[in-house]
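See structure below.
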Amino acid sequence: MPADLPDIVAEAPSDPPESALAQQFRRFRRNRLAMAGVLVLTLIVLACFLGPYAFPFTGADADFDAIGQGIDLFSAHPFGTDDFGRDLLVRVLEGGRVSLTIGFLGALTAGVIGVLYGAIAGYAGGRTDAWMMRAVEVLYGFPYVILVILLSLLLGGGNLALFAAIVFTLWLTPAVIVRAQAQALSRREFVEAARAGGMTGAQIVVTHIVPNTLSVAIVYGSLLVPEVILAESFLSFLGIGIKEPQASWGNLIQIGTSAMTTDLRLLLLPATLLATVLFCLNFIADGLRDAFDPNDR
Amino acid sequence: MRHAFRHLTGGLVLAAGLTLGQTALAQDTVLDRGVGSEWSSLDPHINFDAAAGWIQMDAYEGLITFGPSGQILPGAAERWDVSADGTTYTFHLRDGLVWSNGDPLVAQDYVDGVLRTLDPATGSEKGYYFTSTVQVAGAAGLVDGTTTDPATLGVTAPDDRTVVVQMESPAPHLLDLMGAFAMSPLHGPSFAAHGPSAFIDPALFVGNGAYVITQVVPQSHVRLERNPNYWDAANVAIPSVMYHVTEDVATELLRYRAGEIDVTYDIPLNQIPALTEEMPDQVRVSPATEVVYYSFNLTRAPFQDIRLRRALTLAIDRDTLESRIVRGGSIPSYSYAGGFDPTYDGPVIAEATMTQDERNALAQQLYAEAGYGPDNPLVINIVATVAEISTRRAQGIALMWQQTLGVQATVEPQERKAWLDTFYAGTWDVFSDNLVGDFAGAETFLAYMRPSAEAGYNWVSPGFETAMDAAAVLPDRPSRNAALALAERILLDDYIFAPLAIEPQRRLVNPALRGYEDSPAGYNNSQWMSFQ
Amino acid sequence: MGRFVLRRVAMGAATLGALVLLTFFVIRLAPGGPFSGNRRISPEIIANIERAYHLDEPVVMQFARYVWGLVRLDFGPSTRFRDYDVTDILATGLPYSLIIGFWAMLLATIVGIALGVAGALRRNGFTDYAAGVVGVAGIAVPLFVLAPLMQVFFALRLDWFPVGGWNDGWRSVVLPVVALALPNIAYISRLTRTAMVETLRDNYIRTARAKGIGWGRVVRHHAMTGALLPVIAYLGPATAATITGSILIETIFALPGIGRHFVDAALNRDYPLVMGITVTYGAFLIVFNILTDLIRGWLDPRVRDAG
């Protein structure tokens, strides 16, 4: 495509979506770092969801005679046990199931809500934008702890309440950022042209604004996943969270931290996995951004 | 508006000053103590926090004072007489007592302190000591506003050196309440001139304790210096004491290691085994005046069967629980009120002498008799607080009940206020319960278990009430303790809760510090301490 | 511009009012109250205390009383810290939080933007990866793990800084500032880098390069403004949150700021303090949002708020 044709030509709604998608997919595959990230992440996900079946015990089986065993790669407990005699590796894997699920779902939900909200506010401008942003400010300012307590009252202390508590305020910052992007985009020529061409506001938001803000949203969203996973450990102090004996990376890392100076192993395993997931997501996000960038030729 | 501005600029100046200035770290002339979260108040008639009570015990002195290991010693009063029926205590103050500013300290100051505590306008929870823990004549009337006449109070000062406390029924534990925590005198002129600021502003502070408050930085620390006008100032060795706010127990440990703190408020739970090995003489874990037990919800069907309650009580391996799972230093216990007062020879649950295997077997039998088994397991929830020691204990007990009986118990940690609210709402099967005593004795715990005192347990026991009433009229400790033991027998035999443990105090103490001893009531006055 | 500011300030006041109204009534829905702490205290005594704090009045009356106090900047007495008014607590604690937060945000913004720009200019090169790792390391290791590690290493082992407290002059400030800056560096560097890469690909950049304008000028004059727009938007709420104190940093480093009140006041059901914190944080947030909107409008005139 010639470099200076307006983007609307590339993005015209009459283009069959398959070929553009296939092109983007191919671009992503060529990014080796991103593919490595996908591979490692898939391995971790598979390990978490399938790995525990390889063991004769679960993460909840306590063995009081085997409390606090260390790393012994060829024993029944390759990475040792925790304070209750439960196998550490199985707990970390089982914890990964819950944490990764809530992490991805939470980040995705917050991201989608934030992007849509911000895009609409930024594009609409005027009174709509003012009202929407004032609502955001009120939600920011409201004391979070009270919100969490009330959510736990309403929804019980389980996973639904946890999810709601996390997502409720998580979408606010993506909304603010995307709104800023949307404001800049709305004044660009190709959007004016689209408007002149008769597209409705909703169509413009969906086909022009959102895709152009996606790279920032995806990159920000990749940083949100570990934040969601760790938020769980903070929320457990407020009575919401993963209930024992269910493990989660949040509570495992927290327990590991308090034992940091005596038994680093309890912290190292879940924390390393979490950091690895974060780096994978980073590379994947960059790869997605490169692949889906409408400006890229 | 100007008020706020003045504070803001003052705060900025202070912060800037502390940032630019360089203060040296603690030296051997300053005793640095951790106090946990910030004191709720430095007002001696309002403060209800035990930790902030340490500041109070240093800054004020009651009629009695507590020695290094918590023993009762003469304080402002050099001796006291007790009437034959045990209801009237006459305290004789020392000669020549003065406040820190030189004003004479008179008996009426103590009476004024109590009056202020009971005054509804003060809004103090401590009136409870004078209306519930002991029944001082006239106190209840002043608290609920029936009368405002100070002359109705049973605490009087017939002359400048005599304080008379008149109670409606005998209570040998009155002496435990005559320390500075419940019985601080009131310096009339300061309070009349400045109101409550007289207690928190170092420039206005007037006290009668071994130390005076010289610096208060909210959220940071309180500094005290030796009071030259204290009657025993010659025996106060350490010139300065600093109480530091130590919210984070892990940070407090690091500060202790760095030498910034001499006596910590607590020890991180999972560091205790390692620290005990590394520095055994510095780790001080000793019983506190707090008991931990698991209450059963008597309004719910399963728990109305005493066999089930007994089964759950017995299926807990208390030794393994505290030593290997919770590892917080709690002392396993098979009774409720025993273990605080050495002169109290209290009962234990019937099965205390069995081995754990025998208890487990009996528990399984009772569980089956109550109608539960593998195809009909008991499904319950345990409501605990989010504190680490509480959730560990709950998890451990849930595991034990599951392994021994097949009970399916879920642990529901709740933040503190919600946890308390849940108790009264009755939405629990098993409640992780605890009680802090007002003094190191049995009666303070047993009195709380009266259905008339705490209806939340929904326990009906006229026998217990009668036994407690019988004990309440006895004037001396030995006979009273014997009667209380009978009452506790009735309580334990009904298995309305599973007694678990006595909670400890956990401190790290600088090995160079002398005079710090294990004190069950939790009082460690700085005046007894010295650096080697 | 002046009218814009006035309008936003008026809207800000209205937003603050809405926040106050909402918070005041909703916090009372949480179970328990300020004085529901001790099961042994008799109901008469509790009633006395509640009366002293006007908690026995109908809620609407309490609200009216509160608003009347707000107008005179009197937030009322704290129920947990009985010696102090909420105004005292905020006024004494806020300067500490402000000092730490200001330096942390400054450090995070400078380092974050630098890392982001460096990464974008040397895209997919070693600098990019290095900058990426350094940037993201700030959140790869959770703060409640990193901060104690810093304490053990820099304070305990090397003895360069104190473990905690605010008794050691500027030394007390270094570790908390760095720790608080780290997560923000991660977000700022990633946002900058992404936006910069986007902007550098933009057509008007190509045009400038085609005209022969050097990279330096291109970056400074053309690319930076586009790159910074999302970061500046992020900085609005992020700065407000950071300078009102982080509970984690202030607890771990034992600093007397107001950060802990964000959580503790609610847990203690200290209604006046919760309200005071909310008003303070809300005010900062609104002000910073207005500022960032202004800055973005100045940087990129096309963004000027039309409404």
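Per-chain numbering from 1; labels A, B and C assigned in written order.
To be clear about the criterion, a contact is a pair of C-beta atoms (placed from the backbone, for glycine too) under 8 Å apart; a residue touches a chain by one contact, two chains touch by 3 or more.
Everything numeric here is computed off the predicted structure, so don't read it as measured data.
Asks: Comparing the two chain pairs, does A-B have more C-beta contacts than A-C, or is it the other way round?
Replies: A-C
Asks: State the chain with the largest centre-to-centre distance from subunit B, centres being mean CA positions.
Replies: Centre of mass proxy via C-alpha means gives A as farthest from subunit B.
Asks: Any idea how many Å lie between the Cα centroids of subunit B and subunit C?
Replies: 38
Asks: I'd like the Å distance between the centres of subunit A and subunit C, where a centre is the mean of that chain's Cα atoms.
Replies: A distance of 22 Å separates the two centres.
Asks: Counting in whole Å, what is the centre-to-centre distance of subunit A and subunit B, each centre being its mean C-alpha position?
Replies: Measuring from centre to centre gives 46 Å for this pair.
Asks: Where in subunit C do residues touch at least two different other chains?
Replies: 30-31, 148, 152, 267
Asks: Mark out which residues of subunit A touch at least two other chains, giving numbers and ranges.
Replies: In subunit A, 149, 153, 238, 261 touch at least two other chains.
Asks: For subunit B, what residues touch not just one other chain but two or more?
Replies: Residues 250, 415, 418 of subunit B each touch two or more of the other chains.
Asks: Which bits of subunit C are touching subunit B when the two form their complex?
Replies: Interface residues on subunit C, with respect to subunit B: 30-33, 35-42, 44-46, 48-49, 51-53, 72-74, 80-84, 87-89, 91-96, 99, 148, 151-152, 155-156, 159, 162-170, 172-173, 251-254, 256-257, 260, 264, 267-269.
Asks: Which positions of subunit B touch subunit A when the two form their complex?
Replies: Answer in residue numbers: 250, 268-271, 273-274, 320, 324-325, 327, 386, 388, 391-392, 394-396, 398-399, 403, 410-415, 418.
Asks: Spell out the part of subunit A that touches subunit B in their complex, as residue ranges.
Replies: 62, 64, 67, 83-84, 149, 152-153, 157, 236-239, 243-245, 258-259, 261-262
Asks: Which residues of subunit C touch subunit A in the complex?
Replies: 11, 14-16, 18-19, 22-23, 26-27, 29-31, 124, 132-133, 136, 139-142, 144-145, 148-149, 152, 186-187, 190-191, 194-195, 197-198, 201-203, 206-207, 226, 229-230, 232-234, 236-238, 240, 262-263, 265-267, 274, 277-278, 281-282, 285-286, 289, 296, 300, 302-303, 305-307
Asks: So in the complex, which bits of subunit A are touching subunit C?
Replies: It is residues 3-4, 33, 125-130, 133-134, 137-138, 140-146, 149-150, 153, 172-173, 176-177, 179-181, 183-184, 187-188, 215-216, 219-220, 223, 226-227, 230, 233, 238, 253-254, 257, 260-261, 267, 271, 274-275, 278-279, 282, 289, 293, 295-296 of subunit A that touch subunit C.
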